[in-house]
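Consider the two complexes below, in which subunit A is the common component and subunit B and subunit C are the respective partners.
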Partner chain A sequence: MRSKYIIIGGSAGSFQAITKILSELPKNYNIPIFLCLHRLKHVRTGFVEALSIKSKLPIIEPKDKEMIKNGRIYLAPANYHMYFELGNYFSLSTEESVNHSRPSIDLSFLSAAQVFKNNLIGIILSGANRDGALGMKEVKDYGGITIAQDPEECQVKTMTTAAIKATTIDHVFIVDEIINYMKNLQ
Partner chain B sequence: MPLTQEDILLFISVLKSISNYDFTEYSIKSFTRRIEKILIDNKLDIEALINKVKKDPVFLEQIVKDITVNTTELFRDPKTWHVIKYRVMPKFEDKPFINIWHCGCSTGQEVYSMMILLNELGMLERSKIYATDINTDVMDVAKAGRYVYRFNIDYLENFDQVIRQNPFNFEEYKDVPYERYFQIDKVKDTISMNPFLLNRVIYKKHDLVKQSNIFDFKFDIIFCRNVLIYFNYELQNKIFGMFHENLNNLGYLVLGIHESILGQQAQKYNKKGLVYSKKII
Partner chain C sequence: MFEIVKNITFTEYKEIINIIKTTYNVDFVNYATASLKRRVERVYNLYNFKNVEEMLAKIKADEEFFDAFLKETSVPTTEMFRDPQMWIDLKEKVLSKISPRSEYKIWVPEITTDEELFTLLIVLYEMQILGLTKIYASTNIQQNIEKIKTGVLDIKKMETNSANYTRHNGDYQLSKYFDLEEKRAIFDQVLLSKVEFKFNNFFDINHIDSGFNLILFRNRMLYYNPNLQNKALDIVYNSLQLNGHLIIGINETMDGSVHQTKYSLISKTENIFKKIR
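Right, the complex of A and B next:
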């Protein structure tokens, strides 16, 4: 089996879901996970630390051209867009915000979809805008698996409902089901 | 229709054959993204874009400008500026002249940030500031030193963090007025840099892909932040070598906060927190 990659997008109301997911993944979880989360522009530091408290896996803000490694969780750095390149490495960009967002979930998901194709699982969580909906469509169109957090469970459901409208979602899951799904991928 | 890699490579080879611009070693992801945006903004498909740049040199220049425009802000990444203020600049305390190159200066916010810092440290008078970019449109904005207030309002907080506060001593607070450096006009929605800053900078067009140092001296500090992220690994390494050759001994290279020197050139530099110092080899 070819190696899998998981990309997770979230905004308002996703922090709790993310920390829960990270806290339940085992120490030996070896599928790389990319987090693309909206956060305040001027809150540059402290986010990795906050996410790391509950996580058994290392959380890293990747540098430009850094290689992707198994068993790591990568967080899109504040104020950059995060892309994936053929050859299994990251590249970053400071081009203008998309939908008022940098990092843009759509751009990261699109880039991941093009590179990882049917080895990619795209997960969209709670959020107050539509960023990520187009990205989820790209994940689907390139043959990946799409998962949306159940809007009923989301603190803010704009983002997941937009994604559900934009494309075929393979699974609408509550967070516990997302965690189970992720664990069973190994 | 999504662009294929072949489309992009064809466009790059056409540009190379009809102009001086060489994007061969650009990071393909960001380049593709720029082209997609250009196609949407100009309501063209890739074939029409290629035909138009072939026929219309003015349009070609405009497209190159659209590809090479980068966003920046005042005191972007305050942590980097703290390192410059407290770790780098003290090394130049006794140096009679300080040469600084802002390579890829874009719209100039970094240049003004550095001049403001130098002035607060009493070092501006003996500093020579050079700024280059491939894109003359963004450099015109830099020269004018006038920015849209509402886009920059968030970054005044950065000014406070770097210029007014001391992260190592929370009791210290210097009440430096913004007006010392720029005027805010909320009606016109502008932030305008004061004339004494505008006149201190020498701007030159420079193509980092093709040209080495275009000045006939070396530098104490080279800034090149969030520029090399658009280049591939090989080109990045070539440029790190060029910067090494053009830094004075004890000189510093400042990269973007999420950039690093990978591969062979890394041994030519000492990583000092968020900046690199030249290793003498």
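Right, the complex of A and C next:
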């Protein structure tokens, strides 16, 4: 079986969902997970530490051109877009903000879709803008699996409903179902 | 509104890169694909090309368009005083120690937009060492030089710029250095006149200058693949004086490069390096 990759996008109201997901994943979870979460541009530190509290897996902000390794969780660093290259490594970018965001969920999802194609699972969580909707469409168009957090469960449902409108969503899940799905991928 | 343009396949992208190489001897082969491909698609969209052939023909036949193409594919430098702590460390750990008796040569290679340069000028001015310094900024994109020389910034960017200026503990208000209009902020032309612009290709070894005390090279290598990053590191290493300083972006790295051992780290979090051998 080809190796899988999971990319998760989230904004306002996604922190709780993310920490719950991270706390439930076992220590030997092997699939690389990319987190693209809206965050303050000028605050570089603290986010990884906050996410790490409940995670059994190491969380890393990748450096430019860092190799992607299994069993790690990667968080898009503040004030950079996070891209993926053929050859299994990251590229960072300081291109213009998209949807007022850098990192942009759309750009990360688009890049991941082009590189990982049908080996990619795209997950969109709670958020207050439309970032990620087009990215989810790209994941779907390139043959990946799309999952949206159930808008009814989201603290702010703008982001998930935008994604649901933009493309075919394979699964609309509450967080517990997302966790089960992720665990069963191994 | 952000739109995804998906008209260019990897094969077509490679074709475009090859045409540019053979026509203008500008080598994008070793650029990081993810961002450059997206930026090429951006140009494609901006000029409403109907197909890739049309774009290829225009690149080949129209040198002026090619300069515009380079400008649009180059990545701007986001904000003034980006990573304020870097500017604090630069002041405290490097610039406060320079000799008042000799000229201090600074190079900003691969410059695309004005923010980094304006920031540098303000820092040197506030430290009262601008008179000691000689600043060179280089690029192979004529339109970017022309744009920087106007000193014009979008007024919308000034909020972030001012906040960063304050975070770096500036002596005044950032507005001191600008004429503020309704939509534009125009940078102090006297300060700007301290910069010598050089129009050349960074990777063309015939143009390489040397003897620099400081090279400000932040977030430029992001757009290169690892091979080209090594080449860029060769160039800056050879251009730098012994004991001179090199600054790269906070998420860039020299790990795995032969140059890693030739520098000592002056600021670990801000990636300020000193050439020691």
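Here, the second predicted complex is superposed on the first by the 186 of 186 C-alpha atoms of A that agree within 3 Å, B and C clash if a C-alpha of one lies under 4 Å from a C-alpha of the other, contacts with A are read in each partner's own complex, and residues count from 1 in each chain.
Note that a residue touches a chain if its C-beta (ideal position, glycine included) is under 8 Å from a C-beta of that chain, and two chains touch if they have at least 3 such contacts.
Here the structure is a predicted model, which means the values were calculated and not measured.
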Clash or fit, subunit B versus subunit C on superposed subunit A: clash
Partner chain in contact with A:64 - subunit B first, subunit C second, else both or neither: both
Subunit A residues touched - subunit C or subunit B, whichever exceeds: C
First (subunit B), second (subunit C), both or neither touched by A:37: neither
Touching partner for A:111 - first (subunit B), second (subunit C), both, neither: both
First (subunit B), second (subunit C), both or neither touched by A:94: both
Subunit B versus subunit C as contact partner of A:83, first or second or both or neither: both
Which of subunit B and subunit C A:179 touches, first, second, both or neither: neither
Footprint overlap on subunit A, comparing subunit B with subunit C: 41-42, 44, 61-66, 77, 79-80, 83-85, 91-96, 107, 111
Residue ranges of subunit A touching subunit C (in the complex, touch as defined): 41-42, 44, 61-66, 77, 79-81, 83-86, 91-96, 98-99, 102, 104, 106-107, 110-111, 114-115, 134, 137-138
Touch list for subunit C against partner subunit A, complex: 2-4, 32-35, 38-39, 75-78, 82-84, 160, 163-164, 167, 219, 221-223, 225-226, 229, 249-253, 255
Contact set on subunit A toward subunit B in their complex: 41-42, 44-45, 61-66, 77, 79-80, 83-85, 91-96, 107, 111
Residue numbers on subunit B that touch subunit A, as the complex places them: 27-30, 33-34, 70-72, 76-79, 154, 157-158, 226, 228-230, 233, 236, 256-260, 262
